[in-house]
Amino acid sequence: MATPYGGTPGTADAGELTPAATRSVHLWRHWRRYPVKVITGCGLLAFFVLLAIIGPFVAPYDPSAIGPDVLAAPSAAHLLGTTNTGQDVLSQLLVGARVTLLVGFGAAAVATAVSVIVGISAGYYAGVGGELLSMLTNIFLIIPLLPLLVVLTAFLPGAGSLIVAVVISATAWAWGARVLRAQTLALRKADFVQAARAAGERGWRIILFEILPNELAIVFSSFLFTVITAILTDAGLIFLGLGDTSQWSWGAILFWAQNNEALGTGAWWWFVPPGLCIALTGTALALINFGVDELINPSLRTAGLGRKASRAMTTEQGLTPVRRAESAELTAARGTGR
Amino acid sequence: MTAQPGLSARSPVLEIEGLCIEYGTGDGAVRAVIDVDLVLHRGEVVGLAGESGSGKSTLAYGATRLLRPPGTITGGSVVFHPDPKRPELTVDLLDAGITELRRLRWRELAIVLQSAMNALNPVLSVETQLTDTLAAHLPGSTHASRRERAADLLRLVGISPDRLRSYPHELSGGMKQRVMIAMALALEPQVVIMDEPTTALDVVTQREILQEVIELRDRLGFSVLFITHDLSLLLELADTIAVMYAGRLMEIAPARRLFAAPRHPYTAGLLASFPSLHGERRVMTGIPGSPPDLRNPPPGCPFHPRCGFAEPQCRQAMPPLAPPPGPVGWGRLVACWLQDGRADRPDEIARPEPPARPAGPVPTGQGPVQP
Amino acid sequence: MSAVDGHPPDGAALNGDRPTGATVLVARDLTKHYKVRERGLRGSVGPKRVVHAAEDISLELRAGRVSAVVGESGSGKTTLAQMLAWLIRPTAGEILLDGQRVTRRSLRAYRHRVQIVFQDPFASLNPVHDVHYHLARPLRIHRRARGRAAVDEAVEALLARVRLEPTRQFVHKMPHELSGGQRQRVAIARALAAGPSVLLADEPVSMLDVSIRLGVLNLLGDLRDTESLAILYVTHDIASARYFADTVTVMYAGRLVESGPAVEVTDHPSHPYTQLLLSAAPDPERAAPAVIKGSGAAPSLVNPPAGCRFHPRCPFAMPVCRTQRPPDVPVGPGHVAACWLRHPDHARATVHPPAGDPPA
């Protein structure tokens, strides 16, 4: 006997049609439904990335070109003023965006890759191997980052941004690895991992294809935080004079500003813009991070409702709201039902 | 108000009428409970049976206003009669304010939640938790009297009072559940709602706890609304059983009659899903398909896609909850188009009613009155 | 037994006389002890504490037969299933597949022959992979199909075998789009994909809605018949064990206490624990109200009672029960109970009545 939903009773699940979940294609269409944080953060980050891409092409002056207007306040000719040698701050900012972001994202990418390999393996392999990896992670966690970097850059030949990026990634992976190890320890006991083992899957396949896809949210979040760390560390190193001050980056601007008493002479247009850019980039990444948390864990939002609707629903002291909407049809139907 | 099973000699203590509960608002709203009428009489044990999505837990939490948003009550009433001799005290829980509900909650209406044993505060001793409850509701009591009452309560549920000083992690699952029941009975409520109180426990502990609940009911006279997916348990425990499916009530009947002569195809199917411990083994198939998605329920009777006897009218409209035809019309209600008095009903829903039991002393576990 | 569409008609007698199948898997004296991590003060030395999760379990799985293992939580039944699935290593004892001892080297071949279905349908499928991936992996690992087309065909054949039809609709569904019953069928299909002779089912239906449990159990029963699978059915529900299994083994506190033909053990239980279980199980057909014989809770597995582990709760405990572990005493054809009460040297004059009398 066929049912209107297809299938016949006797086969499993006759009459069953679970609606398909939203595929990834639809994710982009509903961007307005995303939390405010994600939209703001993405917008801000997109702005800076755009700056990094087109910066050198739209910079009005050569950032290193010395000019006659020295320590000039922002004006029509120099939108962000000039340095003590007449260099245009805006141009420096635009050109420097590229290096700063490249080093930041590049170092973070490498660090994240290392943290994934070490962290998940440390969590999955229970025996000596796992313990060793865990110990390695802990060692790198304890070592203070900045002093280590100071020592390394002092000894390494040259101090190009590539070296700095490598050094940063060599030290920033440990935190992410620890988090991933903890998560993997929990996931390892999950039934679907046991089922993969029972099916005969090899260890590395389980790590890459069973465990890692379930930890992508953490990996992504860890990556974003590592970008912030990398940018700040890079800027910090350059500011201290240990990085590459020959290339223009936001840190370099700060270095020169500091060296030439910009704070003392009140040339706020020199050090505020690069500092603000670094801070805003960090903020953008943090906003995306928190926003993505809400996206992935809908219970952090108010159960999928819009902000206005959820406020309307909460009543006194958390009692279940009562909203009787008795329509005429309903009363009539109940009348005949008796 | 339609007559409900059996215990018409007793007055109702909780009357749920036309209750409708939804999750969310607007078009995306999910109707979790639709137009449910249920009456709990004094001293009665009513079992509420259903599978996932039946709305049984939602009903319990909604009726006591414990459901969190986006759960919303969209219709009906839940009338509580604290004293049959004083009708002026009757109150509709859905209209009550927070102060009134606080007065009623726990003193008159107690609830034992699913895996309630996890509701015990792990850093407080059992004694503290019991006396806290008492202190909250009996402001004039002394510390000593509260302690004594806590000891009494533990004895009531079969735990020795020297466990008063224990912490929750020192107690087994069964003991924790008993402590929760003791807490629920602390103020001698008139109605106790239990939502799957023994699901997480092993069979032996479950049986012991349920026997204790029945003994306490016999002794103290409170009513119980017992919610579970395990119909076979209810058949031994409840006076009346209500079967829910996809948010609607499908059948209500005294337990014995429901078991011997189900009138709804879903009830018949459910009963056929529990293998017997006796007799020859026969092939049983349960019910094909699975419970519907409440976001997209089938039109008309929600059970029709899985029903072996569905007819065109089942697809069009939900049948009303009405007494089935036959000599024993009272005490039973069923929502099925097939029970319209026709002669050729399928055998599964047309079994003869069991003979009435002679009144008199009835063994424990069956309740004082059983038609 | 006449069959319609491959299933026996409703109401037909179940599990009629079946020829004894060949023994496929043998467990001998399987034991599992877990070390308890002691966080004592530095320097404190005490005896190493151990959780005796399972001890001296011996059983046989035969082709085309279902063996049920019944017990409460903490009885060791899940530990047993995991040892047989080689997901945890036994502390002692051995497993023989077709008479051969299982070793590290033969593990791959073992996995091909012995598969497991887990209890929780919501946890046993990886939420990021679709049904096709779940079924294709074992096919590829055990080289049951090569090449995209062959794998696709095999996946659809598996879905048909577990009656998830129309198969096209299910192939690319994600786990969260499936109901509990459907997921469990996918889990069974995944186990079948490896081409096993033994299927270990660890409480396969206890987390499913009541009305669909029998559908899944009947599916397992059909697979037992059509593929001559040897099925181990682990459960806490003795009624379903009686319905589905050919033999029932009862476990308590890590040990086997009774074993025999399903109907025989449930109709005439010999061990006091089995009687306790049956008197406590929900039984609407019970003639008289349930009388529980024996109270208390399951013992700690770190310091289990000496002798018979059930003696603290047993209403019939004798002095010998407190000191000596009872042997397996035959109490009927194919039916044994580990109880001193049944031993000829200690048999009591009054025989306690079996629980669960059929209604008058």
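All chains are identified by letter, namely A, B and C, in their written order; residue positions are counted from 1 within each chain.
Everything that follows uses one rule, which is that a residue touches a chain if its C-beta (ideal position, glycine included) is under 8 Å from a C-beta of that chain, and two chains touch if they have at least 3 such contacts.
Remember, it's a predicted structure, so these values are computed and weren't measured experimentally.
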{"item": "Arrangement of touching chains [line / ring / star / complete / other]", "value": "complete"}
{"item": "Which of A-B and B-C has more C-beta pairs touching across its chains", "value": "B-C"}
{"item": "Rounded Å distance between chain A and chain B, as computed from the means of their C-alpha atoms", "value": "49"}
{"item": "Euclidean distance of C-alpha centroids - chain B vs chain C, Å", "value": "32"}
{"item": "Numbers and ranges of chain B residues touching at least 2 other chains", "value": "288-290"}
{"item": "In chain C, residues with contacts to at least two other chains", "value": "179, 181-182, 215"}
{"item": "Set of chain A residues in contact with two or more other chains", "value": "10-13, 16, 18-19"}
{"item": "In the complex, chain C residues that touch chain B", "value": "7-15, 72-73, 179-182, 209-215, 218, 236, 238-240, 242-244, 263, 266-267, 276-286, 288-290, 292, 294-295, 297-298, 356, 358-359"}
{"item": "Interface residues, chain B side, partner chain C - complex", "value": "51-52, 172, 174, 202-208, 211, 229-233, 235-236, 259, 269-270, 273-291, 363-366"}
{"item": "Sites on chain C touched by chain A in the complex", "value": "5, 85-87, 108, 111-112, 115-116, 118-120, 123-129, 137-138, 141-142, 162-166, 173-174, 176-179, 181-182, 185, 187, 190, 193-194, 215, 219"}
{"item": "Chain A to chain C touching residues, read off their complex", "value": "6-7, 10-13, 16, 18-21, 190-192, 194-201, 209-210, 213-214"}
{"item": "Of all residues in chain B, those that touch chain A in their complex", "value": "2, 18, 24-25, 35, 61-62, 65-76, 94-95, 97-98, 101, 288-290, 292-293, 295-296, 298, 304-306, 308, 310, 315, 320-322"}
